[in-house]
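To start, the structure under review is shown below, and the notes come after it.
In order of appearance the chains are A, B, C, D and E, and numbering begins at 1 in each one.
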């Protein structure tokens, strides 16, 4: 039963249409192009609000669209939204107009192509979040690559090409192996298709699951990025233009963790359990390592990039703690990170636009000069370090509390991240905002302008609102997370029971059931 | 000396073929390489004739006829290419023709 | 009788083949090639391929070798041109080694051949009988060869003609 | 009893904070254009209104029967996920009532004081925004009805502390001090969080867990916690307390915190926030009481801190630093009290300490204000005549902290000493006597260094620089009135807790708190060893206080050259004490620098760049090498190509054979 | 007239049309005499269109070793499309070098005729003649740019190696004939020579001839040199049509052997060759900065991917594997042709601009060409939504289904490697600064070719089943023809 047929398609492809349209804008009228991009992305956001309005807080897929795409290969154009994807979609549509607005004056070169890439990227991300056919998912997953590397490579900094190429190579290695796994699943499904429901009903031996999980997991772990696959991230972030960094940190990284939650864990629960110790260990290392390395960075963007490694480590910790508290926390933390890190990159970008440096040492003592900026920066910092009352705390607390029930050592070690997070972020603000004004160039620094305030305000409001009142989000997430968790718990129960295989329902029967009304 | 079998003919054809191969691989002079290729084709013709004799079917004779014609064309085209190169380069040394590499 | 003739012709063809690929002067090579081709023509005759015997002499030894000689003359390579192109022992040796190995391998593959004792059918290999094949089932092939010859002519014109 | 007005208590300060924050931000580029009057009114009205609501609630609470003395209000479910379902709810019981009364009360006074003290500051509105925010957080900490809501306030006060210490962020040192405070607190919170997790998982069963005090208390009564788990949880929670309340080994931030404006030191770093650790232990007394090992640790840490900080206080020359170490020491006293199970005694000291320490700090502020910012006591002296109101109030508070009858400190300190002596320890039987001895000596030292302070600041010869002298003036009444009120409190507040052996039922404070606190198995305030012993101990402690005062009097007024000579006689010891035992330096060398440099040199420069990235680049490099090799094979020699074809064919034939 | 002859001709109408058309063009050329800068493109296209129409119409049948089945029609259509594209592409090139002659077009048509023959026959005689008929014009065309030393060297190299390989090929034919007494391979493998050493050796030698044409390792070494040296329009033709014909013939022969138990581990051999071909092709392309040469290596690598399909097909006879290989060939044809067309577009008479650094910043000066080039690169790299992606998908899917997951893993790792050099082109186009002033003339003809290829690549990526929005169903009928096999 769909609320408005085609709404998901509309949300996904509206930006793509905008991308094409923005290429057609006259070359010498960049403002029209910007306005167009802003209008399209805002329209997309408004359309996606409809999803929230019509969403029922249960575990089902909603607004489903399911038509055959490539019948010969059993590929379906199957979209749907549930509690897991809903807010990630909203995050994406929410951040995109902000990002467009943020580059209003920042990007002056090749404006048309810039917006086209940005909007195309949005289509890719939304599609990946909404696809329920593995093949379709893969297509959208890859679709994101090109716009992203162009954003980095064309509008980026000094070593942008190195960063762009590194980004795409890292990603491709993972995603191509995932493609092999997807093809294997197709075979395992009896060559019937790639539909996630179908795959879910496909019986896989433990060994098969192991390999499939490894292949999916690698692709996702690179995207997350999980230690030690993270080294593309600092480069990509440092070189990307502000908008690229925001989208990269805000949404793209979430695709990795989303992938685990949507695909790797529920489809291969046995393997997820088998991999749990490894992934927990890597998550913990990521949390601590990311924080420690972030602490000693001299470039703000790099610092924030490493902090992402740490924050995403929390998310991974939550995902592999296999209980509802941790799951909720992980999903919540994805949103938090999207907002707070996105905002941090915006803030860094705002200053970069004025001073063209990201070295912390080039600032210092600017808080008195740019109080609004400093206040915004401070708030985002506090969100990032998980101050209760702001959004970050809810996610971190749930993750750590959940993890504590699953693996105490991991949770204890990870909790040190709470301390380390404060260390690097506060040290940053101290060196960046406080102290005496060291550089004469900063004397004339301008505070946030109207446009900049406008683009930050929604994020800041959300940061507070999500910290004070997380339930509207948590409650909508929970049913879907619970059903995902059930997959893992069933598998565990099976492991615990001495060799009494629970027969999986016959895939064909279910398929026939599903397909008959169509 | 025993009776001459098919094996003898085919063996000879193979030997001739590889003598041609030695020329193709080992000589620098493109003209000699061309001649070596002709020798190879001829060796194959001998094999065809021998097999035709063994099977007592004459379709191979027709095939040999075609091969001879093709060999003539190849010679003509090859020599034309060589001549056109020679016009600019004044050499037929294959080891000099390595502008395209890596 | 037959074996003797075979061995003579075989020997002749091999020896002149070897000479053909080892001479420094391409003219000598061409001459040796012609002898080898004639020897093979003789073998054709021994195999009752009478038409091929004729064609071999006419087309191969005649036309093709003459064409080659013609080009050799046209290029008119002097000793100073040929000197750098003499056999380089290492390269040639390697080529010979590889070829010999391949040759040996191939010979191993084609052991155990039947004898050629079966008597030939009447008219085997004669022009009239071969024509029946050539203009019968092989007619299309014959046409194609015509096309190839046309292409050859075009090619020669395209490639070798001086700029106009 | 569920009521609907409790939310007002935190609401007013929050509102004040938001309004002042908006004013601060909107006028940030024209600081003097801001309506200071409006800021002052809003800033001070907020805590005063809170205080009034609290007082009203107190009256209502007093009207309730003793075992039903609790007002509650639940606002909404804050976090709900899986088995966790935390309410945003308030609990107003005698304990939080006592705490709130002085938090909002003394808080109000300090807000008022700040009008004068901060009057000329550029960041006036910002200051009040922070101060209101602090009040809000502190109220939340106290009023929250679950561990998590307490944690919200806990972190909130930490944030405000950070913001206010670094209030003058243009000074690098102050900003760093703020950082240090926050980070050290976070280390404590690490334990706090883990404690919460332990309790959460111990509580999880079929239903939802809200981490409310009632729920935990219920579970503790039903003995649903394994003893080991309980000990661990209590120790972890106490770790949080050591951070917030500046106990060993996490006390190091507090002296540095004096970088903030002096009213802030008074409010946050003396009267209220730093005592929240004591409040937490008392709040969870029903848990701690079941974990004697943890309680013993609390007592030992408290005693050690009290003694340790007091000795450092002996040799400090910064007026605020002396007070800071004295605060650390007094906090140790409080923990010692709660550590022996005397929760009400500990809380009593919290209350009295709030008065006299706030008074001392504000007095110090007044002195600094008068001397145009001078903080070194060696450049003071004889100020009693110059700024008499400040001087006399300071002296009242001095007597209170020294424990001179009938000043407030006398009652609370003696109750703690008595409890320490009399509560048996089930784990280390001789411990109570040792702890008592330490506390006893500490009392003497305290009296000594506080007298030294008073002597050097207000008495004796004037050593003021001529420049400061020219501006010397008594503070405005917005500052002195709070001082006087606090001095009065320091003098009189002790009478809410008169020892029972003197007046039966005299310890009204104890009885008020009784329903909210757990009692030791040994019993309440009622005497176990007899009144004579208690009286004797009291006399002893009075004696040592007087001795300390006399000694300091002798040293710093009668024979001012003596201290220098003693210092010269034991140079090592003196350097150690004056240098605060070099704890900061040791932390820097043993913890901070290894982590920072290790991260920089090993993790980043080696692991990240040289190992991981190198491995990645190595793959690329190897591919390139292989690529170059493959391309070199493509030599351009056509006969080589032919040979490759031939070899290829030969190999294929060979393979197939 | 001979009935067998007629049957064969009617069975293979496209060939007949091409042969006749080619001769006609030669005659026209002769008649035209000196006024030879005529619009040769139109009659040539007409001939090709007629042949294509007949091929798609499904006319024909099978006779005397000439088979015009669904498979044949598909490959023939592919060859003809790529020939047509070459014709259009050549227009600009010939105009630029001032040699707009009929001979160029008739050679192209004759070559196409040879390819048709090559791909639709199991008779060894036709295979040989087809091979020669398709090769010799290409030798000539490679050297067509008379002023250019490189072009001549390419022609010589291609000729020498081609002749050498056809000699080996011919030896193979001789062995097969010797073993079986038949010139029809389909008859030969199932006849009395079945399983003999001579037969096996012959089959293998035959195979090596095909592998030479498709430039599979170790028969690949001519390709980079020849691709680089030949005029770009001819290179495009070689890289697409010749390869299509080669694979067509190879797959057809494999189809014959797949059924008959040969005792030959062809699948294993092809497996190894596929692996080697992918690795060598991709590795060599990795650091290649000459765009044409890079594309040459890339085309080697792609041959490797198709060989996976061939290997699976040889091992299992699975029609799906065949379909995958053919789909890949289809995608490959358009994306590679498109890429070469863009290379041709950027070329000038004096400077072909083959060095990748010359492409710096062109993305912003030639947006349409550059977008198309990027699309081709993305497609070659196998990133959706492009035909190249579905090509890989189709091949990999069947390999996995037949239990060949390991080679797919090798293949995807290779693909990851290949991303580097394909993306390098995109990177150069858009991210590097302009280094040389490229002044490519706007050519409608090239634009048309690029547009057609780009649309095909996109279309194949979005609707790989080949459903056109309305009416005509070109690719659809072709793929369906594959699904309804011989």
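Everything that follows uses one rule, which is that a contact is a pair of C-beta atoms (placed from the backbone, for glycine too) under 8 Å apart; a residue touches a chain by one contact, two chains touch by 3 or more.
These figures come from a predicted structure and were not determined experimentally.
Trainee: Could you name all chains that are in contact with chain A and with chain E at the same time?
Mentor: D
Trainee: What is the graph distance from chain B to chain D, where chains are linked when they touch?
Mentor: Between chain B and chain D, the shortest chain-hopping route counts 1.
Trainee: Weigh B-E against B-C on C-beta contact pairs and write down the one with more.
Mentor: B-C
Trainee: What chain sits nearest the middle when you go by CA atom centres?
Mentor: Centroid comparison flags A as closest.
Trainee: Could you work out which chain's C-alpha centre is the most distant one from the centre of chain E?
Mentor: D
Trainee: Look at all chain centres (mean of CA atoms) and spot the one farthest from the centre of chain B.
Mentor: D
Trainee: Hey, how far is the Cα centre of chain A from the one of chain D, in Å?
Mentor: Between these chains, centre-to-centre, one finds 38 Å.
Trainee: CA centre of chain D versus CA centre of chain E: separation in Å?
Mentor: 79
Trainee: From the C-alpha centre of chain C to that of chain E, how far is it in Å?
Mentor: 31
Trainee: Calculate how many whole Å lie between the centre of chain A and the centre of chain C, each centre taken as the average of the chain's C-alpha atoms.
Mentor: That gives a centre separation of 71 Å.
Trainee: Among the residues of chain D, which are close enough to touch at least two other chains?
Mentor: 631, 634, 636, 638-639, 642-643, 646-647, 649, 653
Trainee: Multi-chain contacts in chain B: which residues touch at least two other chains?
Mentor: In chain B, 6, 10, 17, 20-21, 24-26, 33, 43, 50, 54, 59, 62-63, 66, 70, 73-74, 77, 81-82, 84, 94, 97, 99-102 touch at least two other chains.
Trainee: In chain E, which residues are in touch with two or more of the other chains?
Mentor: 125, 129, 132, 136, 139-140, 143, 146, 155-157, 160, 164, 175, 178, 200-201, 224-225, 288, 420
Trainee: For this entry, which pairs of chains touch?
Mentor: In this structure, the chains touch in these pairs: A-D, A-E, B-C, B-D, B-E, C-D, C-E, D-E.
Trainee: Under the touch definition given earlier, write down the residues of chain A that touch chain D in their complex.
Mentor: 166, 169-170, 228, 230-231, 289, 292-293, 295-297, 323-325, 327-329, 332, 365, 367-368, 371-372, 375, 382, 387-389, 393-394, 397-398, 400-402, 404-405, 411-412, 415-416, 418-419, 422-423, 426-427, 430, 433-437, 447, 468-471, 474-475, 478
Trainee: Residues of chain D touching chain A in their complex?
Mentor: Touching chain A: residues 24-25, 28-29, 76-84, 148, 151-152, 154-156, 159, 162, 166, 169-172, 175-176, 178-179, 182-183, 186-187, 189-190, 193-194, 196-198, 200-201, 204, 595-596, 598-600, 603-604, 607-608, 612-613, 616, 620 of chain D.
Trainee: Using the touch definition from the top, list the residues of chain D that touch chain E in their complex.
Mentor: Residues in contact with chain E: 623-624, 626-628, 630-631, 633-634, 636, 638, 640-642, 644-649, 652-653, 655-656.
Trainee: Can you name the residues of chain C that touch chain D in the complex?
Mentor: 91, 94-95, 98-99, 101-102, 105-106, 108-109
Trainee: Going by the contact rule at the top, pick out the chain E residues touching chain D in the complex.
Mentor: Per the stated touch rule, the residues are 156-157, 160-161, 164-165, 168, 200-201, 204-205, 208, 212, 217-219, 221-222, 224-225, 264-265, 269, 280, 283-288, 417, 420.
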